[in-house]
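Presented sequentially are two complexes of subunit A, the first with subunit B as partner and the second with subunit C.
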Partner chain A sequence: MEKKKRYYPNFPGVPGWIYGGNLNFERVLFLLHRITGLALIFYLFAHIIVVGFRAYSPEMWEMVMGRISGHSNPVILFFEWLLVLAVIFHMFNGMRLIFLELGFFIGKPSRPVYPYRTSIDRQRIFTWIMMILASIFVIWSIFAFFMGGGNHA
Partner chain B sequence: MFFLLGSHIFFMHMAGGEPLSVEETFARAKNIAFPLMYTIFVAAALYHGLYGLRGILFERFHTPFSQKVINWLLSFAGIIWFLYALATTWIPFFK
Partner chain C sequence: MGYDMGKPVKKVRFRVFRYDPEKDDRPHYSEYTLEAWKGMSVLDALNEIKAEQDPTLSWRQSCRMGVCGSCAMVINGKPALACQTQVLKLDTDVITIEPLKSFPVIKDLTPDLQNLFRHHTHVKPYIIRRNEEELTEENPTEEFLQSPEELEAFLQFSYCIKCGACVSACPVSQSDPEFYGPQALAQAFRYISDTRDEGEEIRYAIVDNPQGCWRCHFAQSCTFVCPKGVDPAMAIQYLKRDLVLMSVGMKKEKKRAQKAPLGAPTDRVPEKYVPPEFTIAKPE
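Then we have the complex of A and B:
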């Protein structure tokens, strides 16, 4: 009996995130969106547990925050900042994807006249705008986390 | 999600003040707007995150059985985490 085929050629799996298609700007954003999304969902589980300690007592909350807050440990502060970077990127890239899926910024359909112009070319400007907006918030986060601008002084 | 998460990050990390202090944390917990907002936020975040995780897992596991298992496991995890978050959000409000 022939063994059931378990390989699906059109599903490159996790390695295909990198090698599937051209590694252009949008593909890099796709890869980063997935990595930050995975990081955020696993962090969310931990975050819910940690924040849940406030339900026990104010003393418990103070003790937990004293141990794991970025105020008390620069390494934790750095990882908190990385998390905020992931959030900022995921938010702005997600907003970009929503706009594109709704049909904004991809131009009107046109006849394929050489030299061809794909929707990727048309949406590239919007992509850069969203990434520049994200970068502004990243710069703000550096100021807020490490230069006394936010609540991490 | 964009606005809920954006405002959460802004107020907790970037706006200044001491939002994680005992006084401010429990003052927020007593204001009904915050538990309500966080209930909606955590439900949306869990659904969004777990649905995304499901999509990624489906790319790796193709059989109907494994996809059914993934659906059940993620739904179960989401409900448990949501109930825990719900309890810990509203207990300080009623205490």
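Then we have the complex of A and C:
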């Protein structure tokens, strides 16, 4: 039987975001922004459910908090910290995207003279500033969570 | 032997994506080893493989000097023009060559770019005039004047050679074939910022939709891989900026090209205009 001619789709789909190939740093930020955004939404729902226990009774609330708050469980404390990392990254990268997607810090169209200078080069300083600000908050969060800097201890 | 262009420098192994629609169900990789010489491009290597080792290998090429945009392929994970990628500059012993992603593969390294051109034509990539007769006049009496600054506002984007590298690199195009893609959106902006064009309202309406410029999440991979310095990511963000400014009524009126009688003297070049300096890349 003769085989039908067909094309190979070669369509990466969602895994293409992760396995993009040998590409640029901003693409990683895109992926992290998406992951952290979805994680935050997921947390929002979980948060609403957990806080909803308050509506039953003060005892119920105490019981739930005793089991699944960072105060009582170091594993949960660690996950809470991951959540804070996600918030910090999403916030700073989100501010970066708001500026860049409105056309700030990406330069004006110019004559394409070799070697090309592109919006990637132009925005990189701003991106690093935002990421450094984010890492300051990350360092603060380590103190607050694990070294008794916050009111957790 | 037509390919002995320089002294062999080292042996390089090429892992090439193979898919024959008549025989294969799934793609596989073939390996070839070549002596790489100084100045050898990936396209040279493919030609050498085809001439000496495997005549069944297929890809698309024409100009072999970075102008036509036929030979874009994914080389070591990065979409690039095969003719502009130097084998020795890649600095690896194994070079993996795959067809552009997000496009169906016809055979081996040949992608079917129909989706690219479908989106490209969708944004009306040509000058639109309110008075259509201006464009079809048999004996025109007037011409448009454009200052160097007005030219520079879109020149960069008009360098697009429609090779498809940007679409292959774009994470959004990789998961959504209906996204217009960096190529088409950059062309929409190219015509919008051309002072001769009067079709910007039509084009803004086309790109202002969830599959248009708002689907872009600014991963900037398009700009990263563009072999001609077109910078589609910048063009798309300016489209967004324009649309946001329009929605709050702060968009400035677009400047229109002046018209002058045909063949009028060219004393209009501003005196202070300095032609840009060119740096010519030094051969190593």
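The rule is simple: the second predicted complex is superposed on the first by the 137 of 153 C-alpha atoms of A that agree within 3 Å, B and C clash if a C-alpha of one lies under 4 Å from a C-alpha of the other, contacts with A are read in each partner's own complex, and residues count from 1 in each chain.
We take it that contacts are C-beta pairs under 8 Å (C-beta built on N, C-alpha and C of every residue); 3 or more make two chains touch, one makes a residue touch a chain.
Note that this is a predicted model, so its numbers are computed, not measured.
Participant: What is the contact status of A:41 with respect to subunit B (first) and subunit C (second): first, second, both, or neither?
Facilitator: Once the two structures are laid over each other on A, A:41 reaches subunit B alone.
Participant: A:129 in the overlay: touching subunit B, subunit C, both, or neither? Say first, second, both or neither.
Facilitator: It touches nothing on subunit B or subunit C.
Participant: A:63 in the overlay: touching subunit B, subunit C, both, or neither? Say first, second, both or neither.
Facilitator: neither
Participant: Of the partners subunit B and subunit C, which touch A:82 in the superposed model: first, second, both, neither?
Facilitator: neither
Participant: Return first, second, both or neither, reflecting whether A:119 touches subunit B, subunit C, both chains, or no partner chain.
Facilitator: A:119 sits against subunit C, while subunit B stays out of touch.
Participant: Answer with first, second, both or neither: which of subunit B and subunit C does A:14 touch in the superposed model?
Facilitator: both
Participant: Touch check for A:142: first (subunit B), second (subunit C), both, or neither?
Facilitator: A:142 sits against neither subunit B nor subunit C.
Participant: May I ask you to decide whether A:97 touches subunit B, subunit C, both, or neither, giving the answer as first, second, both or neither?
Facilitator: So A:97 only meets subunit C here.
Participant: After superposition on the shared chain, which partner residues are touched by A:24: those of subunit B (first), subunit C (second), both, or neither?
Facilitator: second
Participant: Which subunit A residues come up in both lists, the one for subunit B and the one for subunit C?
Facilitator: Subunit A residues touching both partners: 8, 11, 13-14, 34.
Participant: Residue numbers of subunit A touching subunit B in their complex, please.
Facilitator: Residues in contact with subunit B: 8, 11, 13-14, 34, 37-38, 40-41, 44-45, 48-49, 51-55, 58, 61-62, 65, 69, 71, 80, 84, 87-88, 91, 94-95, 140-141, 144-145, 149-152.
Participant: Using the touch definition from the top, list the residues of subunit C that touch subunit A in their complex.
Facilitator: Those residues of subunit C that touch subunit A are 19, 21-24, 26-27, 74, 76-79, 99-106, 111-112, 152-157, 159, 169, 171, 174-175, 177, 193, 216-221, 223-226, 228-231, 233-235, 237-238, 240-241, 244, 276-281.
Participant: Taking the touch rule as given, give the residues of subunit B at its contact with subunit A in the complex, in rising order.
Facilitator: 1-2, 5-6, 9, 12-20, 22, 25-26, 29, 42, 45-46, 49-50, 52-53, 56, 59-60, 62, 81, 84-85, 87-89, 91-92
Participant: Sort out for me which residues of subunit A touch subunit C in the complex.
Facilitator: Those in contact with subunit C are residues 3, 5-14, 16-17, 20-24, 26-27, 29-31, 33-34, 97, 100-103, 106-107, 109-116, 118-120, 123.
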